[in-house]
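For clarity, chains are labelled A, B, C, D and E in written order, and residue numbers in each chain start from 1.
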């Protein structure tokens, strides 16, 4: 079943089009990866889905409902949650407060306790540092916090914008296995990555983004095997 | 988080508790207050009893605007008021030009053969803005006489312009003594200046109110400074301390606490009611039992409005006559403008009358009218008008006032 | 005129030290309440809401009109204690509402259109100044230049005595109430859901939106809180300075409150309290030490400049963003 | 950061996107004055000079022409109104150096105006017991004294940024004003009378420069204004102007590009202060009287509003803004009580719909820029197909 | 958006790297680098980073890093995001004050110097997130850089002394030559904020070159570029070196770094991991493990 669908979406900054006529869909239960170079339009795509940016044309449908014009903070309530690029950890808030921010949009607070338990079991490191202030944490810990915080909103669709950025290899692997775990717990995931190898290995399907347009699509395995993609995004040359 | 709702609850409770607690404190205060019964009459009132003057005798042969009703003059002659019409000082301006307007209306009504025009020019009371309107006025040939300018600063900035063009102007309210020391021949003052009022006030405090210790507070205005200097000189050894405040100041706690430490019998405030009223109010609230003496700038109904019962310790000095005690003027003013005459209304009326009487006598050119004013010697409704060579009134009178039952009432002439 | 325009009257300072302290604290508390409005808006929008002084003065008018229509005037009221409490509460509520509505209107009419247009900072400042002028002279047209007649709420009574200086009930009420309100605000910002929303928007508006925070609503709430506090400050101001309500009265106090916010570290809630109290004290000590009240603002501003030179972001420095509320 | 630092108060993705969109729409549509500006730029240098000459002649003739409808009479003498406009324009040009070019928010600019006024008064008024010098000498002296105060204020405070600088300058303005009250030598509200004026006696025996005759003062003021404009133009089209604008645009980047930012900020303050002092001295002479009134925050804000109204960063805009701010209340005395209300509303509306003022900034920062750009234009007309602006690259 | 096939073609058309073969008129090269000794050969150490440590609060962002830059080389500084590249860069250019250690440029310590003085000593940089002066034209932006070498005083500018006029004239010549050099001369009169992204990047390089640096530091100049644009950028960087500049390049696009640098320093977690020729780095097992990943791993 299709959870999220973008149809002919274009986003522009003035005369510069950041996304051009983009269409793709994410099915319930999937992990979908968007890969591409810096500036290819990955983050713009994410911001458009979460509502931080308005598309110039096209439509976005979530769970059968047209959300093209819906305000960002309401999309959160509807079940789209994002761990933003650069993590967006609130630097002046503690781990607990940061996680609690994730529940801001929840009307029904009965699941909050379970949410904390879930996050702490996924990221034991956060449980150890409940009262540490976000700004003083390391990059990896901040990434965990950002993902955990997004999960607190009990999303149906989790948007992850470059979760591996700035992380050590062992951390990257760990984060990706947690992402897989989250997916297995039933959350659909849309992932934007430069680390194409990991992203495509874990993904059911993937898209390659180049300067605002999707140039390749297919299952993760297909894309990994595509020589052009290997050359451009995987190989060191 | 889990505890969140509780916290919010806590916050609300805390705020409401705080409010109640705080107000509770207020109540205690009020209750105590009520039991000591400290509100109401002033302590000084009983010390020296100064009876109010209920009527003043207007000179029998006072010159009135109407004249004999037979005046003939060319049409197009105009008198002008130059001064504040808008801005923060607008009220004073309104008081004055209404007086002028009344005089001209009465004149024109009585003298069909001599219709005098009236023009108003707005300076906002601002010296830097005064040159434009004054220049405009002196350049309009039909203007033969001017009432204004009301403030000392703007008068200083523009006196030479009148001088250059030989246009007579009589100020109804500018009291800075130095104004007549510029050698201007066109400047006349329709009331006594500060060097008259200051010593009179000092004498009033020491002799009439029997104050042995007087504390002097001045504001930063030209008026306050001049008046304070003149009063200080008059007080001599009876001055126990002095302080300065600033125009626009509304809190006087520091001054008040200094005064309470000095324990004077009377406080003389050289300044305007805008600061004087809250100052007196705060003095009395802190327990000051002595008299509060203010000059003409403080003598205004606004003083009582703002200071309330605290004002019952207040006395004023003023080189002005209480216009409201002249029934003919008060009635006419009230029916014309639906307002009580204000401070300087009668001065505006009187000096306009001086100019009008000149026009009636055929002095319809600037030099002629100037010459006429120079040699003028007659009673006005409020006082006798005769100027010395510098433009000061030859015999200015200073009246004393006190606050009685929420009204400013005159207590007669306190100095000449 | 004597030429010794500056002299240090230390005996006078010694003699008046405690009264200067208590009065300074009283004023400081009022500055602090108003400063909170500057600081909250600054924290969330990085904007000096120059028109906050008018938000405050409108609150003062609300308080004065309410009390006047209830029969209060320049004289000490003859009502019973309970009646006074009730009336003051009513005035407080009216003042707070009046200020909050003004603040909200400002936000909607003046600032929101600029935000939508991503206008440069200078544009916000000029708009704020424009709004400030418009409100001030709007009041001037309606009420004239004269202050409103004094409103005395109750006769302050001596509560205790510190080295011969009487501390009265009014001073205690103002200082304690203001501090309670400020602590409550601080706690509200730190602990409540809305408070967290405010902090989140202050720290990272886009991420806050991604958490389901309605940024526009948070901004409105912030203006409203600032307005409510200014309205409370208005009651205390009228209590302390019964005839200080005139069209430009807010502007004068607003500059001091703004300076207090900067002194404490603009954007910092606790800084506003600290800055307010300090500014009140410094001004009062300064005017007594230097001989007259004309010095108050000079001393206050000189200290402000000195503090900023040593700590360029104010005493407590950082904003709601980095500091913990 | 400086006042204009960063495009927005806080980064908000959507507002940023909207702004960029609006901005690019605007450049395609062309602003309100854009066609005029384009036409102006297409004129050759001699044509521009000829046109300017006409403008200058009209400017000089203004008080004599006394055009109906425009005139401020009968409420205010027209030549004196012209003079007030010229003085405000001069002030605005000075403040524009600080706020418009260098992006330093100065809320206490009136202090320098006051310093200039007092300098002129204390060296010429008979009320002053000090050394007396001819009035015209006070103009450079007032400039120098004001510049000294500018440096005095600038050196310690220009390390502060943005809003902190704003409050410090505001405080400085207040300090100067109150000190003028406190220090006896400054004579508070009593003030100084008969401030000097340039020499010269008219046929009727009155001095040419009297305070009731606005025209000679106006001519003097706009002559000064033209000289200042030429000099300011020289600065603008030099490394100094470029340094200021670079600081305004991005102070850190400017520093890293080798601009001694602190030094140039102090220069901006000093030069701005100097022009402020000069206009203060002219104002004091023209009025003939000064006291401590009108040097308050409101006046400072009025000055700032003049700059922003005209178009911050544009010296012609500053002149326009200054003249308009001075003119309106003098022209419409009937609405005098409403003027500040209207003024406030206009500021709000203007900022919403024309945030960059009447004449948006576009400074020319190269002395020979025209030549270079003409060459580029000529070459691209000659037709290299790649010369057109390409929309390559991507947005992030 | 779709990229026009000729994007930035003006540079590719310049052909190979050698200056002589560049499609730049001789007077342009002259203008871009006047009075400059063209020393393309890799020589002595022009810049030394010695035991550089930067701490933020308790966080050690850079831990005892040392390396040298040799005259005339292109040195790559690489590492994963967050490895301390930008911190190192900022510490070298004077933006951050190092906690300990020092940076020497031609033997002169840069520590404690004001940034504009560092620039005048011969260190120039570009910014990762473009920081042009938006309200200035492209040419004016470059001339701000050129002003670093100018000597006109405020008074001189005020009175338009001959020196000022001379400097203004040469500024325009050199500025245009530099714009020509990076390939955006036809946009000289365009406000920099209205330039396209690619042109903005080039303008930043031109502006940095204008300060006449001994060492030019480029902070992720290829960010946001597609492969074709990266290719052009490599050409430009080589041309810059050919013109006699020493280049420090921070980049995480491995292809670019491997293709253009002479030597590479690898950072990880604030520490120097390796330092060597590109070929050595590629085969360094530590680097492969920490950064390049297993053979099929990508280059993030």
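Heads up, the rule we're going with is that a residue touches a chain if its C-beta (ideal position, glycine included) is under 8 Å from a C-beta of that chain, and two chains touch if they have at least 3 such contacts.
These figures come from a predicted structure and were not determined experimentally.
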item	value
Topological distance between subunit A and subunit E, in contact steps	1
Neighbouring chains common to subunit C and subunit E, by label	A, D
Subunit B-subunit E separation of Cα centroids, rounded to whole Å	74
Length of the line joining the C-alpha centres of subunit C and subunit D, rounded to whole Å	33
CA centroid of subunit A to CA centroid of subunit D, Å	51
Cα-centroid distance, subunit D relative to subunit E, in whole angstrom	39
Shared interface positions of subunit D, touching two or more other chains	13, 24, 178, 181, 337, 391, 393-396
Sites on subunit A at which at least two other chains make contact	16-18, 38-40, 47, 52, 97, 100, 211-212
Of all residues in subunit B, the ones touching two or more other chains	4, 87, 90, 220, 246
Interface residues, subunit C side, partner subunit B - complex	1, 12, 15-16, 19-20, 23, 26-27, 73-82, 84-85, 88-89, 92, 144-147, 149-150, 152-157, 168-170, 172-173, 176-177, 180-181, 184, 187-188, 191-193, 240-244, 248-249, 252, 284, 287-288, 291-294, 296
Contacting residues of subunit B [partner subunit D, same complex]	85-87, 90, 119, 121-122, 124, 126-128, 131-136, 138-140, 153, 156-158, 160-161, 164-165, 176, 178, 182, 220-223, 225-226, 246
Of subunit E, residues touching subunit D in the complex	1, 3-4, 6-10, 93, 95, 114-116, 119-120, 124-125, 127, 131-137, 139-140, 143-145, 147-150, 152, 154, 157-160, 164-165, 167-169, 171-172, 175-176, 185-190, 194-201, 207-208, 211, 224-226, 229
Residues of subunit A defined as touching subunit E within the complex	16-18, 20, 37-40, 136, 138-139, 164-169, 194-198, 210-213, 232-237
Residue ranges of subunit C in contact with subunit A within the complex	193, 196-197, 199-200, 203-204, 206-215, 320-325
